[in-house]
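Order as written gives the chain letters A, B and C; numbering starts at 1 within each chain.
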Amino acid sequence: MSLSNADVKKIASLARLAMNDAEIASARSQLSGIFELIAEMQAVDTKGVVPMSHAQDVSQRLREDKITESSQRELFQTIAPQVESGLYLVPQVIE
Amino acid sequence: MQWEIIIGLEVHTQLSTNSKIFSGASTTYGAEPNTQADAVSIALPGVLPVLNKGAVERAIKFGLAIGANIASRSVFARKNYFYPDLPKGYQISQFDLPVVGQGELTIQVEPLSGNGKPYEKVVRVTRAHLEEDAGKSLHEDFRGMTGIDLNRAGTPLLEIVSEPDMRSAAEAVAYAKTLHSLVRWIGICDGNMQEGSFRCDVNVSVRRPGAPLGTRREIKNLNSFKFMQQAIDYEVQWQIDTLENGGKIQQATVLFDPEKGTTHAMRSKEEAHDYRYFPDPDLLPLDITPSMLAQARDTLPELPQAKRERYVTELGLTPYDASILTSSREMAEFFEAALAEAPDQRKICANWLIGDVSAQLNRDGLDIAQCPITPKQLGGMLKRISDGTISNAGAKEVFRVMWSESGEADAIIDAKGLRQVSDTGAIEKIVDEIIANNPTQVADYRGGKDKLFGFFVGLAMKASKGKANPAQLNEVLKRKLDNNK
Amino acid sequence: MLNSSLTQMGAALHAKRISSIELTQLYLNRITELNPALNAYITTNAEFSLAQARRADQLLANGKAQSLTGIPIAQKDIFCAKSWRTTCGSKMLENFIAPYDAHVIEQFNNAGAVNLGKTNMDEFAMGSSNETSFFGPVKNPWDNHAVPGGSSGGSACAVAARLCAAATGTDTGGSIRQPAALCGISGIKPTYGTVSRYGMIAFASSLDQAGPMARNAEDLALMLNVMTGFDERDSTSLQRDKEDYARDLNKPLAGLRIGLPKEFFAEGLAQDVAGCVNLAITEYQKLGASIVDITLPNSRLAVPVYYVLAPAEASSNLSRYDGVRYGYRAPEYSDLTEMYERSRAQGFGAEVKRRIMIGTYVLSHGYYDAYYLQAQKIRRLIAQDFTEAFQNCDVIMGPTSPSTAFNLGEKGDDPVQMYLSDIYTIAVNLAGLPGMSIPCGFGSNGLPIGLQIIGNYFDEARMLNAAHQYQLVTDNHQRAPNNIGL
């Protein structure tokens, strides 16, 4: 299968990765090579096979509904790029 | 030509757990920004989700309450998109295997306008699934930036999705109100709409009857029933106008502006969504055991629908009264506790609650849980109405005093001298005096002016200072006046 | 002391022949001397390490020491360690000071071990050569032109060059076993769910598993005893009784059935590697083991399946790096989308971006069934192959890597060639099985070769037993590179 530049652009946008035209072109050729490798699995007959999401067949453990955490805002926000009045700041969100 | 309105709802109910759905941070509303945003809530590298049992129990209760199938195995999936209030860049939700399957909700619809009669309708619930809430974006001006508070991120939500079964704003509002009442009734959500505990997304489309479904637009985040009605009314009219003017409806997410009463499409969600759902590898399948189901069933109270039916069949109330008395669990519990004091006064008890009590609560801006008089007080008063101790007028006075000053009915009756005069001798004496003092009117009455009976009742009541037992008074008056007719 | 086993080191500490402070300082000095050339460590913090050593000496003095108390351990820079810079090999986290400890770090702290520093790694563990690290490639101590393997290349190098007593690694598709093989050391990836992933920065959650890297199997057992254990903060952590992984080390191997999958000895395997692996098998036969020919027919699909599933999970796991709450934020942007796109484009390296793109694509609308779901189904077929194989054998053996260490830059431009270097290790992660690599000889270029041992679920003790018995009669694991100042 081969990818178009438009495909690559769309993926980059979904993944929020800025890419210029040269990067898109080089990504396209490398991704196409990888998808050739992946294409090998298309031929396998998997009718009736249950998809395997986890390494073990175990069910989810449940946590008691208890508050175990207290505020660590000061510590956590020492590593934040931009904060004010306890809030994380980002460029304006437009709705 | 007629248009048919098609409405479906997606309701996000915040579950009333102590801690978040995937971590031990508190869910209390209104804390200082980010003080309830623990390592999991802010998605630090390396942290992992562990599912809160309380959230699962609440989802099961809801499923049982709408008669739905509870999935013995359900799966959590990641819904991937970037947004600053979504710290992981994905929301943990349930996609193709939700915990609650198809169920239904019976609603009582009161047409909002015109003179339509109330009617009952069954709305199908498609599914309900567990997911996590996002944080909040605060758009106040931080020099052109937005502030992000992640206290709400990770609050457990049950998203309840209906079929597009509603055909008017009235039905949509009735469904939302019934659902709102139900989730509070079974104790899974506090229902506080101002705080965002119960948020409605409404999908609206219109079509010609019999035609295929029209393109829908989704009105997001309605947090009052009034706004919901206004938003739907506006949206429906807008869609009809658009179509009748030869336009086309584009699928869109819209917001309601309560100030202007209008809806408008959101700007930021234009880009085509591709959420790339896949099973969350950090969470294993949720298996609900028969013992968990049994436990949920045991803690479920009698449901409003069952209660409503019982009030009609066992207590002989009208369906309308029954539905009002079961509009909230607090109301029903108030009714039942008051009735326990005066078990034979079913209709009167219902009338008082639906009439004077509700009216007074309304005036004072209170709900039934905040009612200043207790069910025992009201019941005590009903008992005295029932045994003839007080008249209706006397009861109103007792109620007024109980409301504004407190006290039990008997004490108020004594203190205010509200006991009815039921002594036949005393009533006869009053009646005799009135007949003696008003010969002209008596003659006219006896001559056929029946309407004058009320005049004599008034005089007699006045003479008894309102305390005469009205039934008895009527009987004596009638006997003495008609004697020489 | 540098060539002693952990047991011997522990004994020396107990006997006060050396203090933890002295031992820690010895390694710190070696790091100062050798790390500029090898680049095995991203971060050291002598003050912190020596403070831990001091506390360990107190424990030793008070008779409260456990087996690893006072022993300097290198931690892969994928584990969050409170107050330590934790970079995951990425510019994205260049200045990220972790505000909490990973479960693995807690376990070592509770055991009184000394955190000697954070080792270099491929960025977000995505790589097989350590060349994708933002902090520069690690050199193979056996040949500074060769790669150490990846992604736990820094840990492998540090162990091989005696820059730590032992180290931790993580293995998503071979990231413990392959660098262990290429650097001539021992490493084990236990059964998925055995070591908590809490605080271990996620690459592909359903495949990631931490494990130890050391100079011999006996050391691995002691390390595993500390690292494993149930952790309620990881939903995939298994609730099992604590076990002693050293319990079977000394069992004789008579009767051990070794499965040899024909697919692991087919085309693509370098002759010198095949030769050494076969020699090791012969050694096992001398020890009383028998050989069973087995087949893993779907294992040829492991690489394609892996390169769908791992990038899919990674694309989602790495969405949290958005420049909002921590990590790199681009200096210039005009709006929110640009802030995201530039922060991520500048903060992530080429290989990470490539995998995010693959993952985003295979999960996107219209491709999910053909790629992601199909890969998950084949994943089950691959796991079933192993289940069937283990009906007839106790352990499976084969090469860890198709060749000895390749040269730095050799596969730089061809991701597919790089991906194929994990051809023998990936299937084990897909199945969730335990796998290990031990040194079994040297190639024609003098570089180390690893023997891979794959066990059934929870059979780590048996694998360690097999490895230990081999190491009792061979000396491949005792050989050390030249030029490391021994």
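Definition applied: contacts are C-beta pairs under 8 Å (C-beta built on N, C-alpha and C of every residue); 3 or more make two chains touch, one makes a residue touch a chain.
These numbers were taken from a predicted model, which means no experiment stands behind them.
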Checklist outcome for this item: With centres defined as the mean of Cα atoms, the chain at greatest distance from subunit A is chain B
Item to check | Chain at the geometric heart of the assembly (C-alpha centres) | outcome: A
Next on the checklist: On a C-alpha centroid basis, what's the spacing between subunit A and subunit B, in Å?
Outcome noted: 41
Checklist outcome for this item: So, in whole Å, the Cα centroid of subunit A is separated from that of subunit C by 23
Item to check | subunit B-subunit C separation of Cα centroids, rounded to whole Å | outcome: 58
Checklist entry - Hey, what residues on subunit A touch two or more of the other chains? => result 13-14, 16, 53-54, 58, 60-61, 63, 72, 76, 82, 88, 90-94
Checklist outcome for this item: Within subunit B, the set of residues that touch 2 or more other chains is 39, 42, 44, 50-51, 82, 84, 148, 150, 274, 276, 281, 283-284
Next on the checklist: Counting only residues that touch at least two other chains, what does the list for subunit C look like?
Outcome noted: 96, 99, 206, 232, 235-236, 315, 319, 322, 324-326, 336, 340, 360, 364
Checklist outcome for this item: Residue set of subunit B touching subunit C in the complex reads 39, 42-51, 78, 80, 82, 84, 87-90, 148, 150, 274, 276-278, 281-284
Item to check | In the complex, subunit A residues that touch subunit C | outcome: 7-8, 11-19, 27, 30-31, 33-34, 36-42, 44, 46, 49-56, 58, 60-61, 63, 72, 75-76, 78-82, 88, 90-94
Item to check | subunit A partner contacts - residues on subunit C that touch it in the complex | outcome: 95-97, 99, 192-193, 206-207, 232, 235-236, 238-239, 298, 300-301, 303-305, 307-308, 315, 319, 322-327, 329, 333-342, 344-345, 348, 353-354, 356-358, 360-362, 364, 370-371, 373-381, 383, 414-416, 419, 431-432
Item to check | Residues of subunit A that touch subunit B when the two form their complex | outcome: 13-14, 16, 53-54, 58-69, 71-73, 76-77, 82, 84-95
Item to check | For the subunit B and subunit A complex, residues of the former touching the latter | outcome: 17-19, 23-26, 32-39, 42, 44, 50-56, 73, 75-76, 82-84, 137-139, 142, 144-150, 255, 266-268, 271, 274, 276, 279, 281, 283-287
